[in-house]
């Protein structure tokens, strides 16, 4: 049975978008028409397609007269200098058997597909098995290939044998595509929404930074922030030090950064009150920075001389050894104020509890939510999650910080609108209202 | 046949139990045994970290084929260590720092936008109308969403319904091909609110009203939560009340968090007890180690030690924990 | 220079990490694979730095005989020991072969019975498997036999070989797998198993007790928020233990519902808010606006 | 002194003692209430059940000795499940505390059969001893948190220099040749005790490479990860000891986890009673002060 092939090429845009007229190679009646879709890229909307990284080709096909039985997909590199600009039918077995012909395989001995399993990845002669499908496969088969290499694919109708990946017969002709080469692109269309969100954040950030320098931006009062100063005052009266823990994460951690920013402010206050400030760090890098920050804080208070570097300590990076070390400090030096800002894990309870029993005023703040219940329970003031970041802005009143906070607020509004909007669409769609049924959030946010 | 534990490992097991007790003695109060274990532990962990980092990262890197790209980290690391040599050049240490921080910052920008914004917005924007799963038409994948229905059961249901459509839930869940234990599982999940009755039906387009209510609540929780963390408006009037609802829901959530966390903590203590009992080693070894004996002996030593130590520093403040 | 140059370098790297996410091109992917390793390598070196730093901090305390200096000695000593045993000493002291196997003169008596024999010379604590047999004197069927000699604890060499035995062959296996040093050596594993692991686990286990006392002494329904927190905490606690289902099957359902709806809803709000904050801060870092991590200028 | 004040003042070390007894006694006198799997656990179980023999699965062992209490029962159960399915296993870890622990666990659970034929009290399929660098590989530990995760996503062999922990080249292991990045794993089993762990895998790899993964986490992180489960980014979550026990029951070989979960009854009981009593005392004294 002769067949003819239609290879539909989609120049970098997904099926839904623009379709190049199918090119007819031969046209004889009473023949199966193959319509092969080749995907090199993905669209701005819609989930179908492959990432254009130069390593992936998407293959899907339908046949207009439905033929039962499976289809075996094979691939080979284009031989240099070989010219096959057209797809065409070809036979891969000699006569109605299951032994792949030498002519087809190119090199190597012939192989009997009935006995040799052809699992994906198997190499037979020049060819590599890509996949097999029972019947047509309109969904994409994504094939991983080498970049800058042309490949020829063959789709062979086949009848499966009983052992897995074996084939007892290859009825009719196989279809050979013309050379295909994975495309490379410089932008991943599926991620435009992500880019938009980042852009929005950047814009809001920039806008408010500009604004913050010109007018004072309103920030709602944060309970617990003002507590810091009172607490430091109390420590001064009691003549006991203030303990500041920068969390148990590394410097790169956003929360550690926020903590270090607040530390600068706290250092300034302690310098003004002339109270000892002890800083416990879980990472050497953090310690180095904390020392810089505290020195700066003392300098801002005009008491650079009072800064004692040995008060900024690196305990150990081992989480529980760290907790034990700090607990030791709390019990031995009995600070009147413990401030835990940054990221905390299991040790949060150990610290807060020990401090609670040592009768210190405790102020905690972390975005590590699993620890918040314990801080809430055992500390006098707790900054919940994002309030930690808000706190540094609220304290420093520093334009950049405020801008950060405001940008966050803008985005919250946007998110709320997006969620509400999409929810309405989804709900209407679920009730079969027309325009909405055609639309899904998956299309814009894969 | 595995040979018995050698004396070295027996000693080790006893040391381990002694250290366990020594650290637990912190519960009585800060004391020399705890401090000893603490410092031993800190020391060992430092020694451990340094070697493991060198061996598993720096050394293997050198062992395996290098590329010109590896020059960059080499230089950065060199810059970091300069500060040991000269205080004047210590500022060079800022380069590796800047690079590492920037790496993490860049990654979190792109990582979070996808998983914590994109996917979360997507999940939050589900249809509020939830239809019950129709046992007579739903595909197997959807069937296994029904409480108590495993993929295996789903497959059976598909066969059963082609033989004879289900007339009622009871009919569906009591078909002969289901084993006794499967029936027990299913029976266990029956319920009007979140159970089988709520999630599944034998006709299509039946609305799961509790599901709808939950969906609405989920949305409310999200929006009020966002409002609570909205810092640009004073929380007064309607907004104030809304954000208060938000913080209430937040607190219920924290309650759940508390519950799970406590479970975790208690699990750890349980494991220590199991460990002393020898649950994690073969019965033969456990019989050799005599964990309970070791624990009692250690406790006696520690108690005696603490007693003597407290007598020594009589007059000085009682142990910190007692305060 | 001292402040700007690092920031500029950071900006380049950071911006690359962001842009890279949107460029699918394989060439960029290959570059990223390299860049990504830098972070790990530098971080690893930073840990070594930390070790040195610890000595720098601790040593003066010992010299000045500060309070608890004795413990500091313990600390340094244990650190030093853990590092020393982590060195690959065998590079110096040399490696001895874990074992040998050779054949003796065949015994006609065995040959008649169409059997072969493998004798084992090894210390008692060495497990020697001749095929499946683990005796010291094994009569085995002729043919290829796998021989494996090892010690039970982790951190020892293993001796593996194959012998082809003809009928009547008598073979001797002499095995004494040597102890390994270095990061995964015997001594280090021993210290890890019997000092590091129990301390690490017990430190964490202390929390179970602190939780109990916090619950008793600090956890108060002072206001409606705290009351709500406590209420759901108790429900979840009950539901998480088998006793919950035993009381009523609706308890687990209720607790799951709290998790799925109330907890997830509010948690998602926090996750999104935090993500925005993190992204914004990240942007500030890679745009060089945020330099606090490099210390004040 | 009024009882409520006394109740609030008494030495907390008594509570510690009560807690200790609540933990030790049930170990010797088990309560033995039945355990049933919850939806999240079932989801995790089913995700593994869908695997076929020969599939390649990544097991990321991001834990330390402190978290074994909650993760070890699941680990042992899921190993039995994976091995009796006959899947190929790739082990790696992002935690520097892990390597010696992983080495021991591999020895105890992978190099030998967990449930050989005729294991008492086990009806399921038996598993077999896996051979290193043939049925499974151990890639070792790399420092770098999400750098490593992203690196494994982009180019897994690159991160590990093309060699396993014991220096065997990837090229020598046929089924490893098709593994270029995280995307090539049929499933990822995250044995995750904190950060870096399941959350980082979700944030930096799942969305990017659209991965299938299940996680066992310390109970602490459950509420943190639940939203990702709801969003389908995690196919299942096993919640600490209770979850692990449920998993053991599902796999059909109840052991340490079930024993431990039984003790949870008493432990949780103590905490609940402590909360209730503490608050009674608090309100009583407050009413008296009014």
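So that you can tell them apart, the chains are marked A, B, C and D in the order they are listed, and the count of residues begins at 1 in each.
Keep this in mind: a residue touches a chain if its C-beta (ideal position, glycine included) is under 8 Å from a C-beta of that chain, and two chains touch if they have at least 3 such contacts.
Keep in mind that this is a model prediction, so the values were computed, not measured.
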item: Of all other chains, the one whose Cα centre sits farthest from subunit D; value: A
item: Leader among chain pairs (count of C-beta contacts); value: B-C
item: Whole-Å gap between the CA centroids of subunit C and subunit D; value: 14
item: Subunit A and subunit C, separation of their C-alpha mean positions in angstrom; value: 25
item: Interface hub residues of subunit B, defined as touching at least two other chains; value: 26-27, 35, 38, 41-42, 45-46, 48-49, 52-53, 56-57, 61, 97, 100-101, 103-105, 107-110, 112-114, 116-124, 188, 219, 222-223, 226, 229, 250, 253-258, 260-266, 268-269, 271-272, 321
item: Set of subunit D residues in contact with two or more other chains; value: 12, 16, 19-20, 23, 36, 39, 66, 68-69, 96-97, 99, 142-145, 147, 150, 208, 219-220, 222-224, 227, 230, 239, 242, 264, 267-268, 271
item: Contacts with two or more other chains, residues of subunit C listed in rising order; value: 18, 21, 29, 34, 36-41, 43-44, 46-47, 49-50, 54, 183, 188, 192-193, 196-201, 203-211, 213, 215, 217, 219, 226, 229-230, 233-234, 237, 240-241, 256, 259-260, 263-264, 267-268, 270-274, 276, 278-279, 281-283, 285, 293-295
item: Contact graph of the chains (line, ring, star, complete, other); value: complete
item: Of all residues in subunit B, those that touch subunit D in their complex; value: 27-28, 48-49, 52-53, 56-57, 60-61, 63-65, 103-104, 107-108, 111-112, 114-116, 118-120, 122-123, 144, 147, 150-151, 185, 188, 253, 256-257, 260-264, 266-274, 277, 279-280, 321-322
item: Subunit C - residues contacting subunit D, complex; value: 21, 29-30, 32-34, 36-41, 43-44, 47, 154, 183-184, 188-189, 192-193, 196-198, 200-201, 203-205, 208-209, 211-213, 215-217, 219-221, 230, 233-234, 237-238, 240-243, 245-246, 252, 256, 259-260, 263-264, 267-268, 271
item: Subunit A residues within the subunit D interface of the complex; value: 121, 144, 249, 318, 320, 345-346, 357, 369-370
item: Of subunit A, residues touching subunit B in the complex; value: 191, 193-194, 197-198, 217-220, 222, 251-254, 285, 288-289, 315-318, 320-321, 324-325, 327-328, 331-332, 346, 349, 357-359, 369-374, 376-377, 384-387, 390, 405-406, 408-409, 412-413, 415-416, 418-423, 425-427, 429-431, 441-442, 445
item: Residue numbers on subunit B that touch subunit C, as the complex places them; value: 1-3, 5-6, 8-9, 12-13, 15-17, 19-20, 23-24, 26-27, 35-58, 61, 67, 69-70, 72-73, 76-77, 80-81, 84, 91, 94-110, 112-113, 116-117, 120-121, 123-124, 188, 191, 193-195, 214, 217-226, 228-229, 246-263, 265-266, 268-269, 271-272, 275
